[in-house]
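Take a look at the structures below.
Heads up, the next two complexes both have chain A, just with different partners, chain B and then chain C.
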Partner chain A sequence: MSAIAGTASRGQARRRRIDGWRWSGRIFLVFILLYTALPMIWMLITSIKSGFAAMQFPPQWWPDQPTLASYQKLLDPQNSVGQDFLRFFWNSLFVSTATTILSVIVAVPAAYAFSRFTFPGRNFLFFAVLLRNMFPAVIFLVPLFILMRAIGLVNTHGSLILTYLTFGLPLAIWLLKGFYDNIPVQLEQAARIDGATRFQAFVLIVMPLSAPGIIATAIYSFIGAWNEYIYAYTFLSKNEQLTLPVGIQRFFSENTTDFPGLMAASFMMSVPVVVLFLVLQRYFVRALTEGAVKH
Partner chain B sequence: MTILTGKAEAHRRLQSDKSGMLRKIWSHRADYAYVLPAIVVMLIVIAYPVYYTIELSFFNTPPGLQLRDKIFTGLDNYTAILKSPVFWKVTSNTLIWTLASTLIAFVLGFACALALHRDFAGRGILRAILIIPWVISAVAASYIWKWIYHSDFGIIGAVLVGLGLADRPPNFIDSVSTVLPSLIVVNIWREFPFAMIMMMAGLQTVPDQLLRAAKVDGANAWQRFCHVTFPHLRNVSTVTILLLAVANFNSFIIPWIMTGGGPSNASHIWITHIYELAFGRQRWGVASAYSVLLFMIVMSLGYFYVRALSGNERKDGSV
Partner chain C sequence: MAHVVLKDLVKTYGSFKAVNNVSLTVNDGEFVALVGPSGCGKTTTLNLVAGLIPITSGDIVIGDRVVNDLDPKDRDIAMVFQNYALYPQKSVYKNLAFPLQMRRLPKEEIDRKVREAARVLDMTELLERKPRELSGGQQQRVALGRALVRDPSVFLMDEPLSNLDAKLRVQMRSEIKRFHQDLKATIIYVTHDQLEAVTMADRMAVMNGGYLQQYDSPAQVFAHPVNMFVASFVGSPAMSLVPLEASTANGKSVLTSAEGWSLELSPHNAQKVAKAKTRKIVLGARHSTIKLHKSAVPGSIPAKAYTVEPTGDVTFVQAFLSGALVNISMPPTIAVAPDEQIWLEFDQERMHLFDGETEMALKAH
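The block that comes next holds the complex of A and B.
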């Protein structure tokens, strides 16, 4: 009897302690959610204020007269602000898409080779590729600037696509290698026995199976290129060439008080990548961790 | 496939015992074709710049990059750097920035991963929201926080005044003492989701049986965490911390956009300082010397990164 009561009370005590952990976890999550979400909510609220309403103390927690004027201004092709913004948007879209397509084309065969073949120097090359990830952009900035000037690419989107390609490649190769490692070799062997060449086996068997990996790599390259700032800031100086991050920075260093406009522009700049991420987040999260975590 | 090539290779080795490195490379010549495009692109845009940076660091270069007129000065650029007081200020800023950002982002991310590990209603949505700061551009993040910290109309200042904690809104990013911590808060806001994603994936690999066995043996939640969960996550943690550290060490956008390194160098870190030296003051030689030093530091971090990763591989191979 007493023994049963003892275990019961011990069970209760344990349950209470676990609940304590769970509650502290919940409270922590609420705090972290506020930390994450409040800045973004404040961005949205500011973006629907008028310039006058934004510059008040104490601030209007919710605008007296919400207005979409900032968004209309940014998206209106008749307006000079809108013209610039839409051009920056288009430039970003073009550079990011071109970078994405080229990275996938170059990274797919390389990742496949690193995953399947055992040629001499394989490990060395692979780690050399990985280490590139760790180099700060600044090391490359001066020489690349000189190189781009020498081959006449300064002030062109080509300079950005070429640089984004190289800084995106190591990650792309690493992500894809993780996916190829998980595709059984036996599938290709079976295809080879059925008379396919190694290349056919690669294109017809492996490529379709690695589609999730390719999607993830593509999102990754796209987001990286879309958000890149330092090379674009250095290589481009003509207004009509700028990508969004640099364009927004240049525009608002001239109009320092237009905070609703700035917040609206920040929001619009974030929409494509956030949507892309939310739609494809399963691939994205899996790819990122594939190389670091072994299942 | 590996098996096939392995067999062929063994066969060839039987035929001629002196199969040297060259022959081995030759026999794999087709394999290199797959890697070649990647290697060529990287040679142009990586090997050449690295070589060029090292070369420039020994020269005194005139402004405007008229490189025909550069003058060889030996190690002068390096000694100039080590003698300047700005160097030590920037280095201590960089250390504080990197260590604080990395550790706090890792701890927050790990805690989120643990709290989100158990399934509950709305978990997927919550996770997606928490990752968003990491996806959006650092430029957008910098502007959002610059507005939040604004010395006249910033929301934090307004809240502090409203609660009676301050007489007037504090100057977060215009004052020497608060600027670096304020920027670190922004940086952590952007980076903890990365740690969270990595650690969530890591947590999924912790075997459930072990946790249940520990529970049966009477281990409480804290003991289970210390003796079962955490040891399993050692490799993921190492990789995550190293990647965060390198990213923080190399960060540029947040300090550059929010403060440009000011006030009076209080938020200059290495990268922003190098950028200003090169493209602001056109002192290409000194900037290159800085870059070479930076390169050596990052490479030594890279050594640990590779070791942690190949530790993973080796364990994987033996299983």
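The block that comes next holds the complex of A and C.
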């Protein structure tokens, strides 16, 4: 009897211990959630306050008179603020989309080559590609500025696109190579025997299989370019060229800070990223796990 | 269908020769197995025929064309891979249709051929499934179907059965054999399993270290292995090889062991030994040609049983002889215990003798 009771209580103890871990895990997750979500919520709440309400102390936790005036102002092409905002938005969209497309166009064949072909200097090149990631991006600010000036790209969107590619491509290539490594070479061989050229085998068989990786690469490039501030701030000086992160900064500096306007702009800036992520997150997670773990 | 000729085929990777001057002819409608241990160059040879890797030198002829520089797609071949290489994103139907689409056949003809292949291989109900929803045997069948649907001049198969479990492997073995008989297809089949080669192939090409060792019918390879490698590779359990020394005693040719015993040779075998350039002779005997006695009989050799493995029909006994492990099969009615003293009698008619230095089989003339 006592032996059985002993086992039972030990079993319970074990279960309690597991529960303890589980609960501390949950508490940790809740903490992380609050940490990431609260600023977003506060941003949203502030964006629908009036300028006066936003500055009140103690703060209004929920605005007495919620208003969409900031959004209307930002999205109205008739007034100068709206014109600026829409232009910055368009600039950001252009730079980010171009970066994304170019990044996929370069990363897909590069990763495939690294994965499938042996050529002189293959390992050296591959690690050279990763070498960039050892250094903080800001280290390259001055050299790249000098370089861009030398080739006459300062004050063009091209300078940003090139820079973002420099930073985005290493991880993109590395991520995609992991994908191609996991696609059996026999699939391509089968396709080539079945009547496809090497290129057709790649496009018809391998590319669809690496779609999650390509999508993840694209999201990664897009978000990187969309959020980037310091290079955009340094390389561009003309008002009509600015991207959103730099453009939004103007809401700070002119006269008094328009906090609801700033928050509304920030919120709208985060919309494309959130939408992109929600739609494609399934692929993103698959890409990061499969590329790394699956054999 | 077509015949295939390999002439002095060589493939090198840097200084490593993966395939060394391999020459062989596969007749129209013949089933040839390339067999050998891993790394012997058999898969490389197959990939050379397929055109998946470029040849270093030599010629490959399929039908009447030299195909050395042709792309795989232009060689009119079909291939079944070890891992089946089914396109995971495509349904079975689309897997089968892919080679036909690549050849730009009209839609109705593709549909007709796919359904015909599915009917032949008894998988019509699987057409809409994805490869991952199929069992190993079904995937194997789809892979066969994808090769079949094209009606190619040569089928290349790279270890198609090795990913299947033992029972299914035996079943698919007969199916592939049936497939060959029905289609009268030219098949080059790579396997590391000598049993598959022996049971299925019209002729088998035994390879080792990139060299073709012997190319003949399984019966011939089994009965007359050209060297010690082929002798020990083909047949299960493996042929026992006992290193001995040739000498004469009382005017008769004998093989003597360092253990002290000697074996008197028949006139035929004595003739073979006389041709050898060395005194070092290796005696080869298959398990079924060695008779086990529990007491000494004339011409028998003393040995000690090492392991005893009853399998039901026969019992396999292993014994040490002159430092080599010898396999003997005997009826289960005889009881032998490990470490028991036994006597072995060799069948002189079915005994193999090899040159101990060149490892080549000795011939009487």
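Here is the rule we go by: the second predicted complex is superposed on the first by the 278 of 295 C-alpha atoms of A that agree within 3 Å, B and C clash if a C-alpha of one lies under 4 Å from a C-alpha of the other, contacts with A are read in each partner's own complex, and residues count from 1 in each chain.
The criterion applied here is as follows: a residue touches a chain if its C-beta (ideal position, glycine included) is under 8 Å from a C-beta of that chain, and two chains touch if they have at least 3 such contacts.
What you see is a predicted model; the values in this text were computed from it and never measured.
**Student:** Report for A:285: first if it touches chain B alone, second if chain C alone, otherwise both or neither.
**Tutor:** first
**Student:** So, A:208: does it touch chain B (first), chain C (second), both, or neither?
**Tutor:** second
**Student:** Of the two partner chains, chain B (first) and chain C (second), which one does A:43 touch, if any: first, second, both, or neither?
**Tutor:** So A:43 only meets chain B here.
**Student:** Where does A:221 make contact in the superposed view: on chain B (first), on chain C (second), on both, or on neither?
**Tutor:** neither
**Student:** Taking the superposition on A as described, I'd like to know which of chain B and chain C A:195 touches: first, second, both or neither.
**Tutor:** In the superposed model, A:195 contacts chain C only, not chain B.
**Student:** More residues of chain A are touched by which chain, chain B or chain C?
**Tutor:** Ranking chain B and chain C by residues of chain A touched puts B first.
**Student:** Based on the superposed arrangement, let me know which partner A:59 touches: chain B (first), chain C (second), both, or neither?
**Tutor:** The first partner, chain B, only.
**Student:** With the two complexes superposed on chain A, say which partner A:91 touches: chain B (first), chain C (second), both, or neither.
**Tutor:** neither
**Student:** For A:187 in the superposed arrangement: first (chain B), second (chain C), both or neither?
**Tutor:** second
**Student:** Using the superposition on A, tell me which residues of chain A are in contact with chain B and, in the other complex, with chain C.
**Tutor:** 189, 192
**Student:** Within the complex, which stretch of chain C touches chain A?
**Tutor:** Where chain C meets chain A, its residues are 47, 50-52, 71-73, 75, 77-79, 81-83, 85, 87-89, 98-99, 102-103, 146, 150.
**Student:** Looking at the complex, which residues from chain B come into contact with chain A?
**Tutor:** Spelled out, the residues of chain B in touch with chain A are 1-6, 21, 24-25, 28, 31-35, 37-39, 41-42, 44-46, 48-50, 52-53, 56, 65, 67, 108, 111-112, 114-116, 118, 126, 128-133, 135-140, 143-145, 147-148, 150, 152-153, 155, 158, 161-162, 169, 189, 192-193, 197-198, 200-202, 204-205, 220-221, 235-236, 239-240, 246, 249-250, 252-253, 257, 271, 274-275, 278-279, 284, 287-288, 291, 294-295, 298-299, 301-302, 305-306, 309-310, 312, 315-316.
**Student:** Per the contact definition, I'd like the list of chain A residues that touch chain C in the complex.
**Tutor:** 184, 186-187, 189-197, 200, 205, 208-209
**Student:** Would you mind writing out the residues of chain A in touch with chain B in their complex?
**Tutor:** 14, 17-18, 21-22, 25-26, 28-29, 32-33, 35-37, 39-40, 42-43, 46, 54-59, 106-107, 109-110, 112-114, 116-121, 125, 127, 129-147, 149, 162-163, 165-166, 169, 173, 185, 188-189, 192, 198, 223, 226-227, 229-230, 234, 244-245, 248-249, 252, 259, 262-263, 266-267, 269-270, 273-274, 277-278, 281, 285-286, 288-289, 291-295
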